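Per-chain residue numbering starts at 1, and chain names A, B, C, D and E are given in the order in which the chains are listed.
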């Protein structure tokens, strides 16, 4: 972590960058927040980088691109896909970013630790990026607990796309392979259900939705200045969770709008206060796109046309959905 | 309005102006019957059909939605139906994944010369929707009263 | 479905060939090194399959004269590739006659000096399972 | 003081539900929220805090106010019926109950909100003392005693027993209804638990948070114009998570739903974090996220107390601390001002 | 809320027999926003239209719904009626209760109910209609023709003769194209040069035609009526104004080892060269890759011998920017590469040639001065074999799926010419089908067989094997005799498939003209608009659109010219008002709309917006109304709903959906 601070200070001092977009220590030891740093002192005092720095900072670069001078941003390998995609959509300015690709050993989910029944968490050690990231020691109001790092990781880290940065100016710190599950396994499990089971499954999940829009607002693909669900363009401006339909409409359309653009960064599932596995929507589209139109990973580069703005003459017909049973 | 209790599905058909709407006109001028449950909305091209329109129809109580456009390769705007094809394939696949009955949605390419195909398609589709029964999984309850 | 149609379908299935793509150019027969020895010529093979006349193919000499040199497969402009059809027809016959058709011990006796080596190689490649 | 063995809880719920609607914390696909009880539900009284606060039971996230129906050129209007049946909310925590006091200040003063009032009148609160407070809790800062919540009935989970103490008339009535399931108990164990809770509270990381400079004596303009906001709001995603999990947020929007043959006018929670919050014909009176962010905290910590005899509209439940996607929260705001000279 | 008038047509009994028209009027009169509703026998009649006019005046209507036949029939009629009544024509919507209702239903109750619903949908839409006005754009009265072959020349001549300025851009040093390489032309056997050269001269001399040879199109912006094109005039190293075309430089040039493009590489040319004797302009260019002066800095011989002082080694590429109202693409074709066809031994033997090479061999100005001889040893051939469909009609990834169309005829021509000039030479043609649709075409082919004794064999050649004695062993099938043939030949001529000129893909991209998988430009409609690209203002001439022979090319060139003239004759263009429109406050500038626009109608610009008090510079989409055809692809691609289609807006369609589902 000190290396990150030193390098950031160096770049600030040389004038190469005007500010640093990184992480500020939280007040509970596991709730750091994204933050801008403009001075060496603030970096020394507040900067932190550990396993809990899971949020995808690429979306903040939309605003940072409007500022004068370059912003140094720390991106994990998976964040760089989003950054590329944002370049493709002209939402960020590559010239305004100095990207340090940070190695990744898997990011932690405090909710996952709580779900293990750990209560009153005060501190978590072993989450430092420099450590071997095998065991976490959790200090709580009710005694200390040990938790396996892997079990405390975010869902997305178990199906990691890889630890290669797709775009960056330099890479710092080591990575560790965290993939231990198949990306589409969950999707396949649902696909194998009967229509009634599928319907009940999603109904139950979506009935939890409180329309807080956290999934949308955190999503780097949902970068619309004004969402269709906030405008009157479709007469679909809604805030209520009146009955299950609106949630379906919202989540289907949201997934559809990001189809072919979603990099599967997993932020939507991470931030959902109700723990709805929202990635199941986006990943379904990704799986379908891969099957129907050939493998496509949004954000691998910043030029290729997305699958929904391209076509081939002999694409499958929509009836494939019925035919495959 | 209907006196008996027979299920009368509400079916929305989006037809592109250049081929399918004309195909429907031809079905009409050839007096090829299909059930009155089908109501056609004219759009310039199948690529004008937003998935939101389809969901909206279901929300408001439609039991089936069908989209018709020019045959691939014959689009008046050259490429519109290719985009529409991808969009609808993905949307339908998602609906199926969410447990919505297969067959409530359909895409059919109907040229201006295919009055017969238009009518056969509509007959088939209405039969299918009748066999599936009322759409209860996608509607908004508030629209039911 | 008639018995014949069944077999033709089987051949299409095994070979993965759609014989309707044939434009009857005859390039297969033009390139075939075993042409003269065949009673049903390579290009005719395609029409026999189209017309479901599999019995005739099965009992033809050609079936066993094809060297599997793949020249017709290589050069067919329409991806019809009669060699694949012939190969499929052979498999059909072999399957029908079952394990008794030819015992391994009998093979050496049947080989004569003039038998092209290529045939042996290709036979082993095809039927070693 | 009564008690009941935990094994009989299901019978207790069933008995309550015979005469009232009953809402209890239930685990639905992994998240715990108040929900209408039935035998199928997975009741969870161990999880300290439900995701959403139980304010839903009194001030639902969305509720229809009235419906219009169209018949040709004529319209008929039917108002929604008010709550007219008693209902029980079981397992509210001290902070949640205090949250209702905050809502009362908004909805029960003139003009009285009849929908809310009807629910308040018919709602019976069975509150549950917090046996294991967690790291984000800071209700004590607002003078709330987690060991002794307010409510119609207060219950304590101690070992295999649940202790039951009716506090109000409503509570007595409910107690009578379930009396057959309760046995008499002494207060010794309850007192011991209260002491233990208080001890834990004193060790909570936020327990000594200072509200100095806030509340009814705050210098409004100093706070309002402070440059600190400019720093604080930046990571905010402008989602509504904090407001929707909050037990005291009371802002709502009124919207029409087109049913095809008419309109249902409903109200639903709104969030001051949203860009179209209080959007009106003339436009929006808060155009930047900084202004919206400031509004949320100024309201909770300054405006509300100044208008309500010092009552903060934060109860320290810590839900927003837990749920903010990027680690912002009201405590960080209070601390930032403390550090920044409490201007 | 609009004040809507609804008019229900009986269409005699066409509607009224199945739809209870009176009942429809009764129910619809009750709809909110409907202030007038009546029925009439024939709404499309004068009297019917008069009812609309009267109602608009009396009831002050702001929108009109006509329940009648298909809008494809009378939408125009009723729009004009509305306009006469002082309403914007786009305030009219049609409920199709004939084709979509009365004609397909028998039950009156059912049909009436449906008619009511269709009327409600139309009313719901009109409620959201807004007046639309066609835009205007000006037309630059000048055309650009890309390609200087027979197609381009003919198009240019026709446009110029109509009185409009035309520029031809040709990438080689001379106009003339493929036709100039041909010896004779079918079916009349005239000498190609004899009929082409006068056209070339005419084009060069035409006061309205300006020719840029050795030039390429670099950049195209703008839209129908108003294109701006950058033309790159490649450095010729010879001053066009000074050169007299004496040819001394070419004679003296010491670098004579460059394969001649014009002669298909069958012989060599000098580094300073004109492609052929009749080249227009008759001004040579220096091939800088071959020129010793450019390679080593030494030589300069041409400069020394040029009496006119026209040689200029310092010339650089020059960019000319011109404005055009219409662009005609006439980029032509080339033959495919035969590298994947080993069986024909094209790369192994000099005596296996393509038909286009044979043209040069037969031509008096060609490498053999017109003598038919083997290119390997100069010997007179005794037997020539022609192979048809080499790379045409293939779906095997080696060739092209289409029929090249011209080969059957030119092979008959070649066979005939050879037999005519050299009766001793035996000619065999292997064919799959002989395709001769065209005036006097089959007669021509039959003459080759019957009068000239050309031996046509139905069957394909499987293999051509060069023999040690220099001959070629041709192995083929004779399908009619069911035989395999092995014959010796001295020359083999391959009827090689043609494909669009390689540069066309880049040009199509610049023009945003669509192109198919074979690189042929797509026509707007295969039957009804065969010479127009779907991109307005772009026209197609010649083989760039699909294989064709000279007569067809010339006919199409004329057709393309007429379409271009039709455009240039207008002073202003009225644009379809049902175009996409972007709400700049909602636009993300993400480019997804431009990615799906088939017309290149969407561009981006940075503008200062005032978004509820926030002023900032934003990249936003702009729709060019002159280009947009109103398909709506962009509206669905746009995630924020910023892009909407006028006349078919999101809310209008949703209102129709709601009305139907209600």
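One rule holds in what follows: a residue touches a chain if its C-beta (ideal position, glycine included) is under 8 Å from a C-beta of that chain, and two chains touch if they have at least 3 such contacts.
All values reported here derive from a predicted model rather than from experimental measurement.
K.L.:
Please state, in steps, how far subunit E lies from subunit B along the shortest route of touching chains.
P.N.:
Counted as steps through touching chains, the separation is 1.
K.L.:
Can you name the chains that touch subunit A as well as subunit E?
P.N.:
B, D
K.L.:
Of all the other chains, whose mean CA position lies farthest from subunit A?
P.N.:
Here the answer is chain C, farthest from subunit A.
K.L.:
Taking contacts as defined above, which has more of them, D-E or C-E?
P.N.:
More contacting C-beta pairs are found at C-E.
K.L.:
What is the distance, in whole Å, between the centres of subunit C and subunit E, each centre taken as the mean of its C-alpha atoms?
P.N.:
45
K.L.:
Calculate how many whole Å lie between the centre of subunit C and the centre of subunit D, each centre taken as the average of the chain's C-alpha atoms.
P.N.:
Going by mean C-alpha positions, subunit C sits 80 Å from subunit D.
K.L.:
In whole angstrom, what separates the CA-based centres of subunit A and subunit B?
P.N.:
37
K.L.:
With centres defined as the mean C-alpha position, give me the subunit A-subunit D separation in Å.
P.N.:
Computed value for the inter-centroid distance: 30 Å.
K.L.:
Quick one: which residues in subunit B touch 2 or more of the other chains?
P.N.:
Residue numbers touching two or more other chains: 50-52, 56, 60-61, 79, 83, 87, 140, 142-143.
K.L.:
Mind pulling the residue numbers of subunit D that touch at least two other chains?
P.N.:
In subunit D, the residues touching two or more other chains are 257-258, 260.
K.L.:
Hey, what residues on subunit A touch two or more of the other chains?
P.N.:
In subunit A, the residues touching two or more other chains are 226, 228, 234-235, 242, 308-309, 313.
K.L.:
On the basis of the stated criterion, which chains touch which? Give every pair.
P.N.:
A-B, A-D, A-E, B-D, B-E, C-E, D-E
K.L.:
List the residues on subunit D that touch subunit B in their complex, please.
P.N.:
Contacts found on subunit D: 257, 259-260, 264.
K.L.:
Quick one: in the complex, what on subunit D touches subunit E?
P.N.:
Where subunit D meets subunit E, its residues are 70, 72-73, 258, 260-261, 283-284, 287-288.
K.L.:
Mind pulling up the subunit B residues that touch subunit D in the complex?
P.N.:
Of all residues in subunit B, those touching subunit D are 60-61, 140, 142-143, 145.
K.L.:
Which stretch or stretches of subunit E touch subunit B in the complex?
P.N.:
Checking each residue of subunit E against subunit B gives 70-72, 96, 98-101, 103-107, 109-111, 113-114, 117-118, 121, 514, 522, 524-526, 534, 578, 596, 598, 629-633, 635-637, 645, 648, 650, 653-654, 656-658, 660-662.
K.L.:
Would you tell me which residues of subunit E are touching subunit C in their complex?
P.N.:
343, 389, 393-396, 398-399, 432, 458-463, 475-479, 482, 484-485
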